[in-house]
Amino acid sequence: MFRRLDTPAEAGARVVRITIDDVATDCREGDSVAAALFAAGLPACRDTAVSGAARGPFCMMGVCYDCLVGIDGHANQQACMTRVREGMTVRRQLGAREVGA
Amino acid sequence: MAAVNATSTIFDIAVIGGGLVGSSIAYGLRDRVGSIAVLDEGDVALRASRGNFGLVWLQSKGHGMGAYSRWTLGSTRLWPRLAAQLLEETGIDVALEQKGGLTPLMGDHEIEARHQWVRALMAQPGVEPYEWKLLDHHQAASLVPGLGKDVTGAIWTPHDGIVNPLKLLRAFHTAFDRSGVSYLPHHGVAGIAHTAQGFELTTPAGIVRARRIVLASGLRNGELGAQVGLRLPMAPQRGQIIVLERTRRLLDTPMVTLRQNDEGSWLVGDSQEDAGYAEHVTTLPVLATLADRAVRTLPALKEVRAVRAWSALRVRAQDGFPVYEQSSTPPGAFIVTCHSGVTLAATHALKLAPMIAEGALEAELAPFSTRRFHVQTT
Amino acid sequence: MSAGLPATTCELLVIGAGPAGLAAATRAAGLGLDTVLIDEQPAPGGQIYRAIGSTPVRDRAILGADYWHGLGLLEPFQRSGVRHVAGATVWAVNRREDDGFEVAYSIATPGQDARAGLLHCRHVILATGAQERPFPIPGWTLPGVITAGAAQILLKTSAVVPSGTTVLAGGGPLLYLLAWQYLNAGVPIHAILETTPAGQWRRALPFVWGFLRSPYLGKGLKLLRAVRARVPIVTGVSALEALGDARGQLARLRYRAGGRTEELALDQLLLHQGVVPNTNLSRALGLEHVWSERQDCWEPVVDAWGASSVAQVTIAGDGAGIAGAIAAEHRGRVAAVHAAVALGRLDGPARDREAATHRAALARAVRGREFFETLYRAPDAFRRPVGDTIVCRCEEATAEQVRQAARMGCQGPNQMKAFLRCGMGPCQGRFCGLTVTELIADEQGRHPRDVGAYRVRFPIKPVTLGEIASLPQTEASRAAVVRFRK
């Protein structure tokens, strides 16, 4: 599990509300989606396209591509490279992405 | 790696080149000759086998040489047998799919040009006729879900398909490992000498001796062919490919410029450029044109990400058609050059290799000899 | 579809906004060069100074003085006049006919689709820094296992810290720095499992003189003492295995130390065994690379100015070879004066005079590094895994699969790629490349420098087909692709 430190800056930070798999979740302005996932107690964000194994963010710097999630209907977005926005919908990436036909 | 003292053995046949062409021939030679060696270069050589689209493709073959169309049709018919054999022997499923294939066409000009081209191909002597159709957009769209509206027509044949070329190469190499074929990497052949017992191949790892040899060294075949008296003018042609990330399986009918792998990744091709031997670069304008055309073919791919792009050199004789010939002075060296190593793998393994084992190429391969390059035109 | 894409133009492009990039861009602007700094992150700082301008962890005692030193780079940069293109991922750098460069990048605007961008420049300074060395242990792909660097980024960017039972494992100063920062923030750590082998101190001893004279000595020892006083340390750990629960998440850790196997339940495992240069961009550019014996990784070949084997491409910072953050900023300044000469804006003598100052600072900054490098060299067992341990995280190829292919005669990483798909996933070999090279070397009794590395081509980061399609085409490119002429 991860939690937020109780810092004064944190206390003053703007709250951003997103949904994670339809569950309303409060996070802070400036959070990456990955940080919001960790703070919400979710270390896993996808199932791999190869074997369906659970994965979560690993490097937090945009090089491992394990933090892929669906964001606002776009599949395979790097959670660690995307900042949260009010009303954002985040979805666990279930295997390979769909290609809308 | 087979632990063989390569310098003291005399192999029955040494195949120069461990790519798809050399490997398919070596595979087919097993049980027909005694000892076989496959000589390969290192990890970073001009390896055409790693740069291919994985099409088992008939419809674009043979315009200018009817025999090539016939030879290719024969290979597509043999492919199921090769795939089944490899699965049984090695446990590797090369994911052969032969459900038909398309050449997508955008606009009246392209449709007219391509339709004429196919009709001319099929009318040539030596072609064995096969089923093909010009489809309109709606017919093509029933085969390709979400086909872009810019694709106003397509040429279709049921004989076309795909296979996984990397699994194919791995299956061949696994079969070698299990059946005692000596696979010798880092044995790039620098020189070929003829001796009383056959041939002596000079490599950085020592001399390899064989009674007969097969030159399947792809882009180096011109240079090596000259050493056994075969004049083969080569004209390599660069092609660039974009590879897209895996998606759920959408496309069952491959197109010559866009297809989806069994694993879910996509290949976008293909360009034809004269770039000499500069195969280590991908160029932005060509990638842009490839991508543009792919998005117009299947608009849903717009958001799918390219995970890599590469360029490779097609192994091409000057006229673009295969070369099969046995040397005459000295005899015993067979040259095999083609750029469709995947499509022809089945016939190479199941028809050509037996001919080589018997010691002579059959009459049907006469059109493919290098003599065609020496014909004087009036 | 290929509506003319306006290209940004500049003289000097600096890629990467860590200490090397910030220092290089700032100095270059000071020398009058028209400079653009491009970086993937939304704000400057790279990884070591991540979120330096915005961190919610404002109590400076928590992250420590070395982190806050970054402000000294940020503020001059912000006043420098350098154009900063943020949130932009460079994916291709090609030569133009006039010998300049065309750089393609992908720019992510919040709430919108990613867009393609083009930039033309005459000189490039690569300052793309380093990444965590792969640390392939059984179970390293389980959710609950992240790198120590990732944990540190969570702390810096969002004040997010682990709770429950947290174990740090591996070797290297970052492990201790992170532990110290956590203790400062009141975050308990269950244990640090050190994989440094028992004999390693003796091997590092010849270099201890440099360490004793280095700037790291004082703070290093102080930090180490503080951590050792409050966190149980297990030394000589020779094996690590992360085990998952029914949900496929980290639940237990098994390890071997002192001849015994131990097991514990835990919530987080933070792994770290050093950092290695990011070489994907330098490789795709065709730069020459060498294998570093001491650091067991590839480095681009550079001269004392950071000049690479390719004209007008200079490298500064950890991307040229790991030497740390302070060294990176001085190398950045050296690269800037070199670029100024290469662009005809400074003469040789003026460059040499200025560079002397930077080199002196650089020499001080790297004192003691040999000691650390030798001491914290990642042990063989953790660079050369066996069995079912995943080597390629993206394609899930295992150590045994790679080893078996090597035994069958696979010539190198590129043929390995063709056999097992390792290196073909979206991370483009960043987390498996070194391991694959080492495993082939191990199985075939060859040296990694002879085994080689993956060939890397553009795009060096995944980019959407639509973005590529939006780039300019030419007559020649159309002729090459669309071939229905008759």
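Letters A, B and C mark the chains as written, and numbering starts fresh at 1 in each.
Assume a residue touches a chain if its C-beta (ideal position, glycine included) is under 8 Å from a C-beta of that chain, and two chains touch if they have at least 3 such contacts.
In this text the structure is predicted, and so the values were computed from the model without any measurement.
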| item | value |
| --- | --- |
| Central chain of the complex, centres being mean CA coordinates | C |
| Between A-B and B-C, the pair with more C-beta contacts | B-C |
| Distance from chain C to chain A - Cα centre to Cα centre, in angstrom | 23 |
| Length of the line joining the C-alpha centres of chain B and chain C, rounded to whole Å | 39 |
| Distance from chain B to chain A - Cα centre to Cα centre, in angstrom | 44 |
| Shared-contact residues (touching 2 or more other chains) in chain A | 50, 74 |
| Residue numbers of chain C (touch at least two other chains) | 113, 425-426, 462 |
| Sequence positions of chain B contacting 2 or more other chains | 245, 301, 303-305 |
| Chain C-touching residues of chain A, taken from the complex the two chains share | 1-5, 7-10, 13, 28, 30-32, 34-35, 38-39, 43-45, 48, 50-51, 53-66, 68, 72, 74, 80-83, 85 |
| Touching residues (chain side chain B, partner chain C) in the complex | 1, 40-44, 47, 49-50, 105, 109-110, 113-114, 116-117, 166, 169-170, 173-174, 177, 183-186, 242-245, 263, 265, 268, 270-273, 280-296, 301-311 |
| In the complex with chain B, residue positions of chain C that touch it | 1-2, 92, 94, 102, 104, 113, 286, 407-415, 418-419, 421, 424-426, 428, 451-452, 455, 457-459, 462-466, 468-474, 476-478, 480-486 |
| Chain A-facing residues of chain B, complex | 145-146, 245-248, 250, 264, 298, 300-301, 303-305 |
| Chain A-facing residues of chain C, complex | 40, 42, 47, 54-59, 89, 108, 110-111, 113, 131-132, 141-147, 149-151, 153-155, 157-164, 185-187, 247-250, 267-268, 278, 393-396, 425-427, 430-431, 462 |
